[in-house]
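Below, chain A partners chain B and then partners chain C, in two separate complexes.
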Partner chain A sequence: MKRNPLALIAANPLMGVFIALVIIFAISIAASPHFLTGYNMSVIARALAFVGLITIGQAMLMILGELDLSLGVIGGLCGVVAGMAMTSGGLPPIVAIPACLLLGAMLGALNGLLVSILKLHSLVLTIGTAGVFGGVNLVLTKGVAITGMPPEIQFFGRGEVYGIPVPFIIMLVVLAIAVFITAKTPFGRFMYAIGNNVAAAEMLGIKVNRIRVLVFTMAGLLAALAGLLMVARLGTAQPSIGETWVLAPIAASVIGGVATTGGVGSPLGAIFGASIIAIIENIIVLFGVSPYWQGVVSGVIVVLAISFDSASRRLIRKES
Partner chain B sequence: MVYLEAQKLGRDFPGVRALDEVSITLTLGRVHILAGENGAGKSTLVKLLTGSDTPSQGSIRIDGKDPWQHPEIFETISYVPQELTLFPHLSVAENLFMPFWRSGHGRRVIDRKGMERDAKEYLDRFAIEARPGDLVRQISVPDQQLLQIARASTNRNMKVLILDEPTSALTATEVERVFSVIRDFRKAGLAVIFISHKMDEIFEIGDDYTVLRNGREIETGQIGDCSESELIRAMSGKALKVDDDFRPRGTKTDRVPLLSVRELSGKRFENVSFDLFGGEILGFAGLVGSGRSEVMQTLFGFLRAKSGSAELEGRKWKLGDTSFSVAQGMLYLSEERKHHGILPLLSLRKNIGISILDRTAGRFGISARKESAEVAKVIRDYDIKTDSMGKRISLLSGGNQQKAIIGRAMATSPRVLIFDEPTKGIDVRTKAEIYRIMRDLAERGVAVILISSEMEELRKCASRIITMHAGTTTGEFQTENTTNETLVAAIFGKESASHEA
Partner chain C sequence: MTSGMNGLVPALRAIAATTTAVVLATAFPAFAQEEPGMEVKDSYRFVIIPKVVHPWFDQVNNGAMQAAQVIEAQTGSKVEIVYSAPQQADVVQQNQIIESSIATRPDGIAVDLLDASGNRASLEEAVGQEIPVTIFDSVPPEGMELTSIGNDFCEQAKLASRRLVELMEESGQVAIMMGVPSAPNHAIRAQCHEEVFAEYPNIELVATGIDNDDIETAQKQAAAIMQANPDLKGWVASDAAGPIGIGQAIQEAGKTGDVILVGLDNLPEMLQLIRDGVAESSSSTRPEMQGYWSIMAMWQQAMGIDTPKYIDTGIDFITKEDLE
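Here is the complex of A and B:
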C-alpha cells in the first residue's frame, strides 16, 4: 500500500512543523549567502536561547490549558534583582543567581496559587501580576540599567563551547528535560489530562491544583533563568529585559502545535515554532529591511504560518 | 407522500467504510425510527441527510430535487442533536430565534419585546415551564431539551425533523410532552426521524423503521409488522435474552459493611445515611435532580460536603479529596461521559493508560511497551472496537467510549465502584455487557453502587434499592419483595411507602 504523506504527518503532529522549519531553513540558505555562516548561526542560536526558555515554560502551561503573560516580566525583574544583588548588594554570583532563580520560581508559584485558589482565569490574572512585577522592576531601577556586573558570569551569556553559544546549550538541556517530563512521566500525562478535561482529571484522582502550581513554578523558574542569562550576555541589567518575551513564545507554541485551549502539543514542537520565528526575523535583518518594518513583516509571517498550519490540519482531518 | 429518498448511500473514511449502501425513504406525516447499536452508522447517515457531510457513493433526492444542485433545500431539514447545544448565557427567547434574521426578529436591531411575545407561543406549545426572558443556564434540563426541539421547529420551511435520542435525559412525564409534540408534527404533515434505544418508545411513536448494523442497512419496514425481539435481533445480529437477571449471587448476612455513610449533607441533599457491603450491587433510584448523583459525587470528593461523615472498614473517610478516594479504591463513573470521563484529544491508549501509570512507569519514564500491553488487554477484555489504540478517543462511538472508561476503572482493581447511569444512550447489547461486568465485579467482592432512573435496570441488577426524592432518602427496599409501584411511589416522595417494605 502506498503511504499517504499526509497520513505520516497526521501520525506525528510534530512532523508538520518540522518540515516547515526545514523548508524555511532551505529557502533562507538559497535566499542569502550570509545566512549559513558560522557567525550567523550562532546569532540565531543565541536569540533562540532566551525566547526558547520562555517558550518551553509557556508551552507547558498551554498544554495544561493555562497562559502566563507575566513570564517576560518575571525574567526582567529577576534579572535586575540579580544585577542589584551582585553590584550594590555585594553578593557573590554563586549566591545571587540561585536566589534569583528561586525568586522566579516563587513568582510563578504565586501566579499558580492565585489561579487555583481564587479560581481565576490565568490570562486575566497574569495581566494583573505582570503589571505588578513590571511596576516593582521600575520602582527598583527607576528605569536605569544597572552596570558593573562581575565578569565571571559573562561566560553564561557570551561564552561558547565548540562554537555553540552557552545559553543555547542550556536551553537545549532544559528542552530535553521538558520533553522527558511531558512525554514520559506520569506528571506529564497528568498535565495533558488536565488540559483535556479538568473535571475528568479530578475524577481520575489527579491532584489538579498541585500540578498546576508546579507547572507555573517551573515556568517562573525558566523565565528567571532567561532573565539571568540575558544579564550575563549584556553585562548590564536592563529594566527592559523580557519586554519582547510575551507574544513570541505564545505564537511559537501555536505554530508548533500547542493549542491555546490546552491538552495537545509538545515543548519540542514549540521550540520548532520558535526556531521558525527566529530564522524569519534573522532573514529580515539580512535583507536589510528597515528595523521599523521588522515587526510588521514578522507579524505577517507568523499569521501566515499559523494559518498554513491550521489549514493543513483541517486537510488532514478531512483525509482521515 | 415521499419527501426524501436516499439511494445506496455510502461514506468511506480511510480504512473504514462507515456507511455502505444504505437507502432510506421519508414520507410526510410519518415517524421513521432509525435504530441501531452505537457505532452502527446512524450519525453518519444523519450527517449525509442534513447536508453537513457528503456521501462517497449514492444519491439523495429531496422533494424531487438533487440537494447538491439546490443546497437551499437542506434548510427544510432540521436536526436536534442528542447533546445540548444551547447558548447558556442567552435568554430562552434569544435561543429560540437565533439567528434572528431567519425568524424576522430584526435584521440589524433585535426586537426583544416582539421576540419574547412570539417565544411565549412556542413555550406553550411545547409545555416548557421557563419564561421567555429566563437565561437558559437557569432552566431545568428537560426544559432545555424541549427548547432544543422548539428551536428547530421555528424553521418555517421545515419538512423533516431529525431527533437524536431526545428522551435520554427525560423522565416519563417529560417523554410524554415530547411525544405529544411529535404527534402534532406528524399531524401537520412533517416527516420525523426518531433515533432511540428505548423499545417502548420506538413502539409507541414509530410508523416505519430502518435498522442499521456495522454501517449496513439490515432491515426496513413498518413498526406494526415487527416485534420487539425481532427488532433487537436485527440490531444486534443475534437473538438476545433481554430480561436476564444480573443480580450478584452470594450471601451477605451478618457481615460488617465495607463503607458506611452517616448523615451526609451537601449541595441539593440532606442527611443521607446508608451502608454498603462488599459483593453487592446497591441501587440508588430517583428522578433526575433528586440528589442521587450529588450524594455520590460528594462521597467521592468531587463536590464539597456540608456535614456528615463516612467510614471505610472502620477507618475515617476523608471527604472532599478525589485523589484520596481513588487511592482508597473508590471510583465514580459519571453519567456525563463527555464532561467527566474521557480526555477527548488523547488517544485511546493514553486514556486508559492514565489510570495504570503506577504499573507502567519506571525510573526511565513510562514504558510504551508495558503500557501498550496493558491497554491491549483492556481493549480485548472489554471488547472495545477500534482500529488502533492510537486512535483519538473522541472518534470512537459512545458505547465504545463507555467501555473504555469502564475498562480503565477495572484496570485499577477498585474496591468501591459507583456507576452513575452507566447505560444512558447505550444500545441493548452493550447494556447487557455492562450489567454482566457489574455482576462479575460484585461477585469478586467489590461493592458496587448503581444509580439509575430506570426501574427495570435497577430491579435487574441490584439486590437492595435505596430511593431518593428531593434531596432525602425515602426508603430502602429488598428488590425481591418489592413491587414496581412501591419503588415508583418512593421516588415520587410518598414517604409512607418505606413502611410497607
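Here is the complex of A and C:
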C-alpha cells in the first residue's frame, strides 16, 4: 500500500523548520553572490558553533520543562576564570580547561539543585543566579579583558580541519551525543516524560530531581565549553562573553520546534533554528541592512519562519 | 662616401626617433598603470563598523558619506558606504560583522575597535584576504601596521579634567564615568583623568562608574554614585554616552550648578546640556572628520597607495559661548 508522501513528512516534526531553513538558504544564495562561498560558510559555521552549544543545553532543559537564563553568564565566567588561571595563575591549559569545564558543570548543577530544593521556577531562579555569576565576573575582571592567552589553545577557536572550523566540529560532536541521549536512551525518554507531566513522571518512579540536576549540569558544562572556545577564538578572556547568548538560544529552540512548556522537540531542531538565526545575522551584513532596521528585518524573518513551520504542519496534517 | 653617410644619418635618426616613440608609447602607459593610484576603478565599496549603534557613530557615517560624495564628484567613480553596527557593544558581535563583511570582498573596512586584542583574529583575517583595513577612534592591535584615524585621547581627557579642576579651584571630590573598560580609547581617557586628579592633593577621586557607552546605564551609575557621595563636586567622562547620562542624573537630583560636569564629545544632547547650564563645557572629538578621513584613507589604500600610520583629526573644546 502506497503512503501519502505528505503523511511521511508529517511524521517528522523537524521537516517544517528544515524546509524553512532550506528556503532561507536558497533565497540567500539567489540574493547575494557573496553568500555561498567557502569563506562565508565558515563564518556562519563558526558563529553557529558557539551559540549552538548553548542552544543544545537550553533545548534539553526546555524539553524537561525548564529554562536557564544564566547559561550565557556561566560561559562568560568560565572563560574569564580559565583566562586568569592560564595567565596570572600560571596553570597549563591541560589543567585549566578541564577545571573550568568542571566549574561550569558545578554552576549548572547548583542551578538544578536550587530549583529542585527550593521548588522555584527555573526562569525566576536563574535570573537571580545570572546576576550573581555576572557580578562575580565583574569583580574578577573589573570589566577589563584578560590578555596573554597561551597560543596553543588558539587552535580550538581559530583552527580548521579540512576547511571546517574546529568549534563547529566540536558543536557537531556534542549535537550527535545530545541527539543520541534524547532519542535513544531511557534517560532521554525520562526527560520527555518529565517535560510532559512532572507529577505523572514521579508516579511512574522516575527520579525527577536527579534527572533535572543532571540536565542542568550538562547545560552548564556546554556553556563553559562555549565560553572556553570563545576565549580560544578571541585570544583574550572578555568579560562580555555570553552576554548575547541569553535570548538567541531560547528563540532558536522555539523556532526549531522545542516547546517552552516541555516534553516536545529535539536538540537537532533547535540547531536548525540556531542555523536560521545565524544565516539571518550573516545576510543582514551581506545585504548592508541599516543597523536601525536590523532588529525589524531579523524579527520579521524569524516570525515568518515560525509561521511557515506552524502553517506547514497544519496543512500537512489536514492533507494526510 | 661622405655624401652617402650624410644621407644615412637622417635616415638612422628617423628610425631611432620612430623606435623610441613606439617604445615609449607602448611601455610608458603599461608602466604608468602599474604605479599605485594610476588605475581607474568604476566603483568602490567601503564598510564602516563602529563599536555599537550610537548617535556619535551616525556622525562618523555622515562624514564618510561626505567623503564618498567628494570622491564621486572629483573622479566620477561611484562610492558605496555600508554602515554595519553591532546592536550591543560586544566584541563577539563586532567580530561576526567584520567576518561577514570580509565575505562581501569590499574595497576597505574601517573599524572602531571594541578591544584591540579581542578583534585581532578578525582583523588578521581581513588583512590575510588583502582587504585594506583602517582603524578609527581607537588604537590598532600591537604589531599590526594599520592606519589609524582619531585624536590624542589622553590630551582630550586631560583638557576636560584640567578644566574641571580649575572650576573646582583645585579642591573637592570628583568622579569619573568609564565607557567600555576594554575599549582602548575609553581606558586611555579614564587613565589620563586619573593622572590629572593625582596632581592635585586636595582633589579626591571618590568613584569610577562603568556605563558601557550606554546613556541609561550612565544615568543609573551617576545617580547611585551621587547618592553614595553627597559631597561630590565634579564629573568627567570617558565616552560620548557618559556625560549625557551624568547630566540627566544631575538634573534629576536637582544638583544643577552644585555639581560641575565637564563633558565629552558633541552629541546633540551634550550640546543641550551645555546650553541648559547642566554641563559647563565639553572636550570633543570630531566624528565627521574621522569618518571622512577613514574613507579617504581606504580609498588611497584601495588604489595601492601607502597611507600614514596615524591621522590626527584634532579636538574641539565647546563652551556655552560657542553655542550661542
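Note that in this section the second predicted complex is superposed on the first by the 292 of 320 C-alpha atoms of A that agree within 3 Å, B and C clash if a C-alpha of one lies under 4 Å from a C-alpha of the other, contacts with A are read in each partner's own complex, and residues count from 1 in each chain.
By our rule, a contact is a pair of C-beta atoms (placed from the backbone, for glycine too) under 8 Å apart; a residue touches a chain by one contact, two chains touch by 3 or more.
Because the structure is a prediction, the values reported are computed rather than measured.
Peer 1: More chain A residues touched by chain B or by chain C?
Peer 2: Partner touching more chain A residues in the overlay: C.
Peer 1: Pick one for A:V264: touches chain B only (first), chain C only (second), both, or neither.
Peer 2: After superposition on chain A, A:V264 lies in contact with chain B alone.
Peer 1: One more residue to check, A:G288. First (chain B), second (chain C), both or neither?
Peer 2: second
Peer 1: Of the two partner chains, chain B (first) and chain C (second), which one does A:G205 touch, if any: first, second, both, or neither?
Peer 2: The first partner, chain B, only.
Peer 1: Regarding the shared-chain residue A:L225, is it in contact with chain B (first), chain C (second), both, or neither?
Peer 2: neither
Peer 1: Over in the complex, which chain B residues touch chain A? Could you list them?
Peer 2: 13-14, 300, 302, 322-327, 332, 334, 339-346, 350, 353-355, 357-358, 361, 364-366, 390
Peer 1: Could you please specify the touching residues of chain A with respect to chain B in the complex?
Peer 2: 4, 7, 11, 180, 183-186, 189-190, 192-193, 196-197, 199-207, 259, 263-264, 319-320
Peer 1: Looking at the complex, which residues from chain C come into contact with chain A?
Peer 2: Checking each residue of chain C against chain A gives 53, 82-93, 95-97, 99-105, 115, 117-118, 120-121, 129, 178, 181-182, 187, 210.
Peer 1: For chain A, which residues are in contact with chain C within the complex?
Peer 2: Where chain A meets chain C, its residues are 32, 34-35, 37, 39-40, 43, 46-47, 50, 142-145, 147, 157-158, 230, 233-236, 238-241, 243-244, 281-282, 285-286, 288, 290-292, 294-295.
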